[in-house]
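One chain, chain A, appears in both complexes that follow, with chain B as partner in the first and chain C in the second.
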Partner chain A sequence: MSLRELKVCLLGDTGVGKSSIVWRFVEDSFDPNINPTIGASFMTKTVQYQNELHKFLIWDTAGQERFRALAPMYYRGSAAAIIVYDITKEDSFQTLKNWVKELRQHGPPNIVVAIAGNKCDLTDAREVPEKDAKDYADSIHAIFVETSAKNAININEVFIEISKRIPVVEATGASSGKGFKLGRQASESRRTCC
Partner chain B sequence: MALQGSEELGEQVEEPEDLDDQDASSISPAEEITLPPGPGGDEESEEALLLPWDRFSAWLHCICVVGFDLELGQAVEVIYPHHSKLSEKEKTSICYLSFPDSNSGCLGDTQFCFRFRQGSNRKSSLGCFLETADRDAPPCLKREQGHYYGYVYFRQVRDKSLKRGYFQKSLVLISKLPYVTFFHSLLKIMAPEYFEKQEPCLEAACNDIDRWPTPHPGRILTLPIMGVVLKIRIPTCYDKPGTSQLVHSAQSDSLVSIVLPTIHEVDLFRCFYPVFFHIQMLWELVLLGEALVVMAPSPAESSDTVLALVSCISPLRYGSDFRPYFTIHDSEFKEYTTRTQAPPSVILGVTNPFFAKTLQHWPHIIRIGDMKQAGEMAKQMKVKKLKNLKTLDSKPGVYTAYKPYLNKDEDIIKQLQKGVQQKRPSAAQNAILRRYFLELTQSFIIPLERYVASLMPLQKTISPWKSPPQLRPFIQQDFMRTLEKAGPQLTSRLKGDWIGLYRHFLKSPNFDGWFRNRRREMTQKLEALHLEALCEEDLQQRIQKHTEVEAVDLVLKLKDKLTQAEREQLPLRPGTITKLRSHIDAVILALPEDLQGILHKPPTP
Partner chain C sequence: MEEDNHHDGEAQGVKICDPPSGSNPSADNLATSLSLLGNHMFPDQVVRSDSGIIKRDRDENVHLSDATAEEPSQDPEPPSDPEPKVETDDTQNPECEKESAQLTDGGTEGAAMDNGQSDSGEFVVTVLAKAKLEEQGLGVKGRSSPLLEAGIQESPAFISHRDEDVTADSWRQHRKHVFVLSEAGKPIYSRYGSEEALSSTMGVMMALVSFVQSSDNIIRSVYSDGHTVVFLQKGPLVLVCVSSSRQSEQQLRGELLYVYYQIISMLTQASISRIFEHKKNYDLRRLLAGSEKILDGLLNLVDSDPSFLLAAVHCLPLTSSLRDSLSQILQKAITPNLVFSILIAKNQLLTIIQEKTVIEDTRLEPADVHLLLNLIGASSAFQAGEIWTPICLPLFNPDCYFYAYISYLDPPECTVCLLLLSTDKEAFYAVAECKRKIEEAMVAQNSLSLIAKAQSYSVSQVGVSDLRHFMYKPFDVPDNYRQLTQFTSPEMEAPYSSEEEKMRLLDLYRYMHSRIHSTSRPLKLIYHVAERETLLAWVTSKFELYTCFSPLVTKTCAITAITKLLRWIKKEEDRLFIRYPAKYSTTPNPSKSSKGGKSDQQDSTDNGFLSLL
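Right, the complex of A and B next:
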């Protein structure tokens, strides 16, 4: 079985729960009083996908504005980006759209994009309708899930979906991160969205 | 065994995961790989005790940004983390040493390193912890005691918006660790980002470093920094010298992860290229701790050459002071350049033309031309007479009156020359040269090792009831006599005055440092053997025949032994300490109750 390192970055507004998602995925724990991230924090987790081991090198970036300019260091070379918004904050969904634009302009051409609407346990306070987000995700051919790091909903699923979209390495041993192009996606993956 | 270990580790870089694990998704994110556990292996629990900034401090003292102020000149603009302590004197040193000395036209980005004396004695709260980690490091990779290294990334670019017309700034890492290649690679990642993105970038980098595992020899360390993962392995003193430790994995994207094959080795061939014909003589000069100065056109070339010199006698540790880049502003300038006494045993790298005059009286001077104008090598065959060195405009070469003890090895020169003609890759040339130096140094040092090992008292002279026997003294004549039969001729075909070389070496600081280190190791071994012998005794039975006073005396002595064993980390067989503790307890329990109470009390510090 071969091991592949896949760089994954998490992007999104401050406080939407990027670190909580990573903590839930890696450590399977949740801390409501997590400190704001400085720069970015790094964690890894290896999962089996078919005949490969996917080792996710996860860069969980800071959402605070003063670290905004550092983002390219983290999405550079990434095989996938998980852009997170908070379903109870309309603003955070707007920020997400800006991240998509930035990735399109400056990100790796084949990066796999996943959109995670976090805090889906707080339905009473919902501001972003699931359908709007899903339509948007479909329009850019991104993976879409609503998640709750707190209740461990759909966290592993995001990463499984990412694994599915990471193309198998060719025999030539080409580098990782050959994903689907933003905006131009194979029809097969479109089916999984609908 | 060490070799086997390293091969295993080499493979594990590519597949660090435990593939036998059924549930692959549950593999922990922390994946430092440990060597077979050495003595006292509780590192993981120790790491858990580390406080914020402890991990950072284990790698770096601080990070400085040095800029140029039109009124003040060079100034430290930022020190990160803000609580790091630097004396004014240290700051001044860092300021001068972080910029090219003269207008050497370093346009663009330059990397070099310097070394400076630690101003005040600052005791790290981590001291004990770091010593444990340092114990397994080879001598030349141990943490510096009284000096800091400064690793510099200097940028100078035209900028019309600035009054001076230029942007000039250095990002400097201050550390006690001599991992020159590692820190240069680190700066190559950090500095360009910093110059663009300023402080948040430093904050992020420091935060990354503060979550690194501590620099522990023998493990493969995964070091995330600013979006990239660096993988390194710090060699141990048990490795077979000259074996490469990490292998590049086939699939590697430098934006994702970077495997550094070495953390400290400089490219010897590139550094020695301008003075290539004299490498063997330079090896002797370094081995003997002779005063050497490298005059180079830029700090990068001066520091590379000095580092190459210092490392050419590896695995021996160069015992004297060395300054990869030294300026007229250095606090040791007077001390090192005075004419009232013989030049000190140091190696200096300088770029300021002023030194050509100041150090005119030095016995050995290496002049390096611009390394970019290569191909001149073949002409510089002859060693130049010192009187010919007048100014920095003098021709490149080695200026000395020194007559090497050993005959010149023409084979290595030919081999390397052939490599140049055939355009052999620099890495291969470097490997050839490195191996050559290693074999030469080993041929030289093995007879000494063998003789010193014979100074160890026989095991049977160790008695638990007497103090441990003393090492026999080093007697030069005795050693010289061993050379006839077991000298370097066994491993080296080089002829020449080996005896003369040894005689000279025995007076040098390098011998002093080497012997002191050996003696300490052997004394500790003796202490350990003694303690083990003591633990094998039936102490209770013995106590029964003795008075109370003698029993108390024994307890106190044993307690001393215990403290010593723990403090010095004696190389004991596993379980000895536990055994000793239970012995102590047993003897105490055999005493009257009032005494028991007193003796059980932990010793007051």
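Right, the complex of A and C next:
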């Protein structure tokens, strides 16, 4: 079975639940008192998709403004970006739109974008209607799901959707030696920053 | 006992640093600002500086400031000096060290004590009551020690108090408040309570700072009965500490400096200056959002960990063979641009390796290590995955970021933490590979279980009967030149097992430290008989030592005990300190690096990477 490494980054406002989503996906656990991420946290998880193994290299970035300038470092070279907003916070949905713009302008051209409306268990406090978000996601051809890291709703599904959307052709390039891949990625980044 | 007198003399006053120009601050306005602040913090105040004494009675003050609405309701003022004084002091001292415009409350500390002040300064009223209790202690030669009341003070709360009601008494009673504001008076951080709720208080603080500034002075501190207020201005930031802990002004300012450094470590000095140059009223909380916990954690640590007081790091006692083997493991796992490899267990240092050229050039300051340890200890965010974050080491270089790789080696317990600092923003994968090598080597040598057994030691191991606790900071560890300053100290055991008692002992140490390091009259040796213990502090060219004995020890016994203790430390020093700091060389050497110009380990580390350089 072949192994593909897929670099995925999570973007979005502070406090929307990026780390909780990753934590749920990787460890299948949930901590209501999670601390804000500092810088970015790197985790991996390998899942089977059809006849391939997909190893997700997940960059869980900090949503705080002071780390904003670092984001390109994480989304550069990413196969997919999960942009998260909080369905109970209208502001976080606006921030999401800015992230989409930024990815369009500076992100990798073929990056798969997934929009996750997190905290969907808190329906009483909902500020962003599902339909609005869905329409927006469709307009930019992004994956859309409402998730709850707390109740483990749609978390694995986001990653499965990403696996589906990753173009098959890339597989040949990416499945070669691991050490080579690291070097190649870095060299790409070198070029972009110069 | 001149220090004590000196202390009393200063016990109430505003110290203003007074550059040569020193025109008299117009007393009316200063008094107004002070009384305004008084509404929040103090009873009405008086200002004194030197060049003349402008007396002004309290009623007049009240008229001058509408804001000081409250008249002294009952004010049995000491007959000696019923009026608040505004004294301006123009001794031309550019150093600004001892110049002081003093703010007295119509008398000496003792007099004020009898006053039963129940007037305007609501904040202090409660605290004044506390101040009275201070007189209980038996100081040296019968004098009361300012620290003896410490035991009856509440210990600092170890939880965050963001939502606290800032009008409540409990808020006023916190032992030590710390506020950070911008020059425009915008709140940036408050240790207790939300910054929004305190914006007017902080506005008054800023008014005070800028008023004194307008006459080319710098406000340094304000003393009232139970509180010391210390100001520190660093670039566009103003830091204020309001403390009832009886620490010296110097110590409190040192703590504010740590707070400043912690902010710098997150944002860098250069970017803070840049931000405020562009926008004077920028709300810095936007950039510090989510980092309050780190500052809260720092302040709790400053209160509870003597490392900050001693400006030295504490490392976990370890057999020298184990420490050496750990150092070697770190030494072998390197990659270009890696500059520091640090291994931490239970929030204490295990070993630290520096890049060769770095160690020759400069050294890691204890304060930078403290900030790193606090960062790691203050947030559980590091327990998930591998962290890659920019971090500035303010004493190393306040304007640049390092990139820190932080990962625990023993999840899920998360006690052993690896910290690798690189200068290359893009080096994550290469540095992460170093961690894998370190992990492998540690598994092979069973290091983790050996580290797990390591623990701090008990004072009973020293074998000196009356000795309860000590702190020893050597200046003569081999290779100490350009090495991290360290200290060693046993666990605090009974009778210092409760938080309150620990704090009381630390307060006694702080008092001894302030006497040893007094700017006006530093001491070499102090034998201090306190109420419940006897302390002896001794500083020589080779070490600084603080010891705590049972109360019945005699001077002769204590001195014999110290001789024994020093002998024991000498014998154990290989275990207690990092003795021979290891080095490695990772300086990128563009012409050679890809061609095996480096050690073998490197080449295998990052095949694809080296060729890029």
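Points to keep in mind about this one:
In this text, the second predicted complex is superposed on the first by the 168 of 194 C-alpha atoms of A that agree within 3 Å, B and C clash if a C-alpha of one lies under 4 Å from a C-alpha of the other, contacts with A are read in each partner's own complex, and residues count from 1 in each chain.
Everything that follows uses one rule, which is that a contact is a pair of C-beta atoms (placed from the backbone, for glycine too) under 8 Å apart; a residue touches a chain by one contact, two chains touch by 3 or more.
For clarity, every value in this text was computed on a predicted model and none was experimentally measured.
When the two structures are aligned on the shared chain, A:R66 is found in touch with chain B and with chain C.
By the touch criterion defined above, A:S19 reaches chain C but does not reach chain B. Once the two complexes are laid over each other on the shared chain, residue contacts for A:V168 go to neither chain B nor chain C.
Once the two complexes are overlaid on the shared chain, A:P36 sits against chain C while remaining clear of chain B. Using the contact criterion defined above for the overlaid structures, shared-chain residue A:A125 touches neither chain B nor chain C, since it reaches no partner. Comparing the two complexes, residues 26-27, 38-43, 62, 66-67, 70, 73 of chain A contact chain B in one case and chain C in the other.
Interface of chain C with chain A (complex): residues 266-267, 286-291, 293, 375, 379-382, 384-390, 404, 425-426, 428-429, 432, 606-609, 611-612. Those residues of chain A that touch chain C in the complex are listed here as 14, 19, 22-23, 26-27, 34-43, 58, 60, 62-67, 70, 73, 179-187, 189-190, 193.
On the side of chain B, the complex with chain A involves touching residues 14-17, 19, 24-25, 27, 29, 31, 193, 196-197, 200-201, 203-205, 207-208, 211, 222, 224, 226-229, 250-257.
Residues 1, 3-5, 7, 9, 26-27, 38-48, 53, 55, 57, 59, 62, 66-67, 69-70, 73-74, 76-77, 156, 169, 173, 175-177 of chain A are the ones that touch chain B when the two sit in their complex.
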